[in-house]
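Each of the next two complexes has subunit A plus one other chain: subunit B in the first, subunit C in the second.
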Partner chain A sequence: MTKNNQYILAVETSCDETAAAIVKNGREIISNVVASQIESHKRFGGVVPEIASRHHVEQITIVLEETINQAKLSFDDIDAIAVTEGPGLVGALLIGVNAAKALAYAKQKPLIGVHHIAGHIYANQLEKEFIFPLLSLVVSGGHTELILMKEHGSFEVIGETRDDAAGEAYDKVARTLKLPYPGGPHIDRLAADGEALIDFPRAWLEDGSYDFSFSGLKSAVINKLHNAEQRNQVLKREDVAASFQASVVDVLTTKTYKAAKEFGVKQVIVAGGVAANKGLRAALSTKFMDEDTELLIPPLSLCTDNAAMIAAAGSVAFEQGHRAGWNLNANPGLDIEEYGRRRKLSKGKI
Partner chain B sequence: MESIDFEVKTEFETMKLAESLSLLLRPGDVVTLEGDLGAGKTTFAKGIGRGLGVKKTINSPTFTIVKEYQGEVPFYHMDVYRLENSDEDIGFDDYFDRGGITVIEWASFVKEYLPMKRLDIIIRRLDEQERIIQFYPHGNYFEKICKELAR
Partner chain C sequence: MNILAIDTSNQVMGVAITKDGVLVGELITNVKRNHSVRLMPAIDQLMKETDTRPVDINKIVVANGPGSFTGVRIGLATAKTMGWALQIPVVGISSLQVLADQGAFSTDYICPFFDARRGLVYTGLYKGDGNGKIVESKKETNVLFAEWLKSLAEQGEKVVFLSQDMEMHRQNIMKYMGSLATIPKGSIHTPRPSTLAMIGENRTEGSIHTLVPNYLRLAEAEANWLKQQETR
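Moving on to the complex of A and B:
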């Protein structure tokens, strides 16, 4: 029997989540298992990496078994194993990379290294085929970047944060407002009930720059709260959240729109955990409503870390002939442009 | 212990002070930074990186904990904010021994892993813009650096 379908098994352990998934032909999720570790992190007000690594070790085998069982497939059906090699926490990445390597070696399957952010971008391919050139706004706890893609596997960073990532600003402002971790969803929820009455700064930076800066905004919110406290003023938390969110969303939306025009992209993709933010989704939808540019925002379940997105990215890399060697290692500081260049060079090599 | 204090009026002055400090540092040196959220720790670290000739954008390592850069010497920018209440050793000694300059934000969360000889810096907020930046040198070598910087 000739085999027509391509099945990629993927593993993702770059931060809080131990995840594995199987994706068919790069588009269809067959199984997608995420063992969320958020519960154990809540009491610390952040992700504690020690816990992350230990939990990944405890969960990786269970998650992999569950993924295979749910898919009702055997390893014979799998064409290749993809894994997040970076960026992320080194101790966490190592668990996934070594599990994937061991499995690939034992089952004699090709191994594919995937950049975590490339994964977030490719989460959208599970919904819709890419049309190039496309622009991706990547917003998460560790990233705020505008990435231009002219073809599969090529990534050009045209803007990035100069200080805090958007998600990080959310978490830190949430902590100042004494909201539980993770702070983003709480601020989003509060913001919906508040009014943007406080005029917080927007960091537009130099003319024509697509870079971001959220540190000044974070400080402005903290200053505002400190000053109010000293004067025994009561600020409505809902209004602070709404005003903060208005500033973040305004900058993200405006810069994305400008870049989309300048580079004449056919699609705009939103990726990363902050893509789950309702305020951001609504603002982008309005901004691009009457445009020819198509706006793709993944469903909430694919915004946060998962392995289906790694499989989706791995599927294209596999088709392009990219293979990782047995020396594949966790690369906590992996640069996405460099990853794209390396991918080109590795074509056809096994 | 007595500190050597610098008053800065703007973020730009914080950056300049950090750049001046960076010119006096040598491979293997460890500098720690303390201060409230928004005090200017990352700004100070950026100034050191810039002074060391790092060309890439230096942004917050809060999420990834460590970011590595190449200037005239390697520059390791750490933020251990998320290691609060954890006793994780992310391999600190390896970084300190690799011939680079290490800057650690929120270092008090990982006190037990810090070298004896180091420069502790505390950034205190005076108002929205102004800060007092206090240097606490540990060891003769860092005392000399602070005296040189104060001149």
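Moving on to the complex of A and C:
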């Protein structure tokens, strides 16, 4: 009997979503379950790691059961178990890693550790086949990176943030504007109703650099608000949001465009939670409209953390022969280039 | 009945397999290392050495705390998921009870405890019935050890103390309890996963989904938040 289809079951618990999913052939979502904890963390104004870990251990088997029930598959159909190994909150990652190990061990299935950002990038494969070389702009609460991929499973970081991640800057500015947590979507909404009248700085950094810096911008926004307050000047919140967003989006879009040209990529893909930002989506769409380079932005539901993206990345890792041992651990500082190299090393050693 | 018992709730990591009430394999370490890295290899090793396949396991018994929050969760995430995958019952047993059970030969009170930093301990009070069974006499709690010892001394009865963290607290125990305290020697202070398996053997289980750690303590952020609400 030959088996034509590959099914990967994946687990993701790197932050405040307990998630599991089953993906067929790395491309097709069979089931995708996300238990969000956002409500539990709201009163603290941000994700509390200990609370996140507590929720994960309470939710994990419920989420797994829902995933397998939705899929209408049995474990016999599952080829491997993939799990987010890092980066993320260590206590949160540990729940997923240990649950995935227990599941793989109980069912005697191969186990695969997946890099969370590789997952965000591969969320796009659930929509469209990758064409290499491709450039990925990764923007989330913890990441702002430009990653060049020459083939499946290979990741080259050509630019990254030197201080705050874009999402972090959003959250801090949102807090100053007294917007509820999580602030990013609120700023995006406000910005849509405002005008970018304030000229906030753009950190281009030195010539030819694809690195980012958002801490200067963040401080500029906060200073502007404080100064206005002292002078009893009223700034329209919508305009502040629009001006802040214009600066972030300008830098992200311009650097992505330049890098896409320099490396002659066939696709540009946007990944991570901030990929849900409407301002960013619109600006990138305009910038790449008349280009041969194809722009891929995942649907909103796949921008935020989910396990389908981990299964999609895990599918490639599985094909490339990567296997984790029973000693797999949570790796909160896992480096994506190292992760790519490790997969190459294990190639052919199945 | 084949039972797999798992305890990663404190520094001691233990895995045991019992078959029809008989211990066939037990693995215990007491080293400062990562439970997450070492638990599954330990289970795998023990299963192989006892010729047990995952599908041969009929029940999983797990120490559900108190102890290290992370440690407790590693054990629970593993036990719950494995039990769910194998569709077998999972029983959570208090980590303190495991230790207390090892003093069940005694007819005195038994006080197991784990150090919880800054003078605090996780503890409870049990009484041996002389037939190898223990009965809970004071509810488990997270308390300043000095206060707890004072209240035990007021009872005026003999108490056997059991803990891996004995040396940090021996002086305090002697100070408050004097001759009322019995501190046995040796391995009786090490929570054994075989003890855990035996306790869990006759225990009926609830749903795997609702099995949660026995932290005995709020998350710090939650405690602070509640305090803020009160002072408002």
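Keep this in mind: the second predicted complex is superposed on the first by the 346 of 350 C-alpha atoms of A that agree within 3 Å, B and C clash if a C-alpha of one lies under 4 Å from a C-alpha of the other, contacts with A are read in each partner's own complex, and residues count from 1 in each chain.
Throughout what follows, a residue touches a chain if its C-beta (ideal position, glycine included) is under 8 Å from a C-beta of that chain, and two chains touch if they have at least 3 such contacts.
All values derive from a computational prediction rather than experimental measurement.
In the overlay built on the shared chain, the residue A:Lys261 is in contact with neither subunit B nor subunit C. After overlaying the two complexes on the shared chain, residue contacts for A:Lys128 are found with neither subunit B nor subunit C.
In the superposition on chain A, A:Lys218 makes contact with subunit B only, not with subunit C.
Of the two partner chains, subunit B is the only one touched by A:Leu89; subunit C is not.
In the superposition on chain A, A:Pro332 makes contact with subunit B only, while subunit C stays out of contact range. In the superposition on chain A, no contact is made by A:Lys72 with either subunit B or subunit C. Once both structures are placed on chain A, subunit A residues 44, 48, 50-51, 91 are touched by subunit B and, in the other complex, by subunit C. Within the complex formed with subunit C, the residues of subunit A that make contact are 43-44, 48, 50-51, 53-54, 56-58, 60-62, 64-65, 75, 91, 94-95, 97-103, 105-108, 325-330.
The touching residues of subunit C, when paired with subunit A in their complex, are 34, 36-41, 43-44, 54, 69-70, 73-74, 76-82, 84-86, 208-209, 212-213, 215, 219-222, 225.
The touching residues of subunit B, counted against subunit A in their complex, run 36-38, 42-43, 46, 57, 59-60, 62-68, 81-88, 90-91, 128. Against subunit B, the residues of subunit A that register as touching in their complex are 15, 44-51, 87-91, 141-143, 160-165, 167-168, 172, 175-176, 211, 215, 218-219, 222-223, 332-333.
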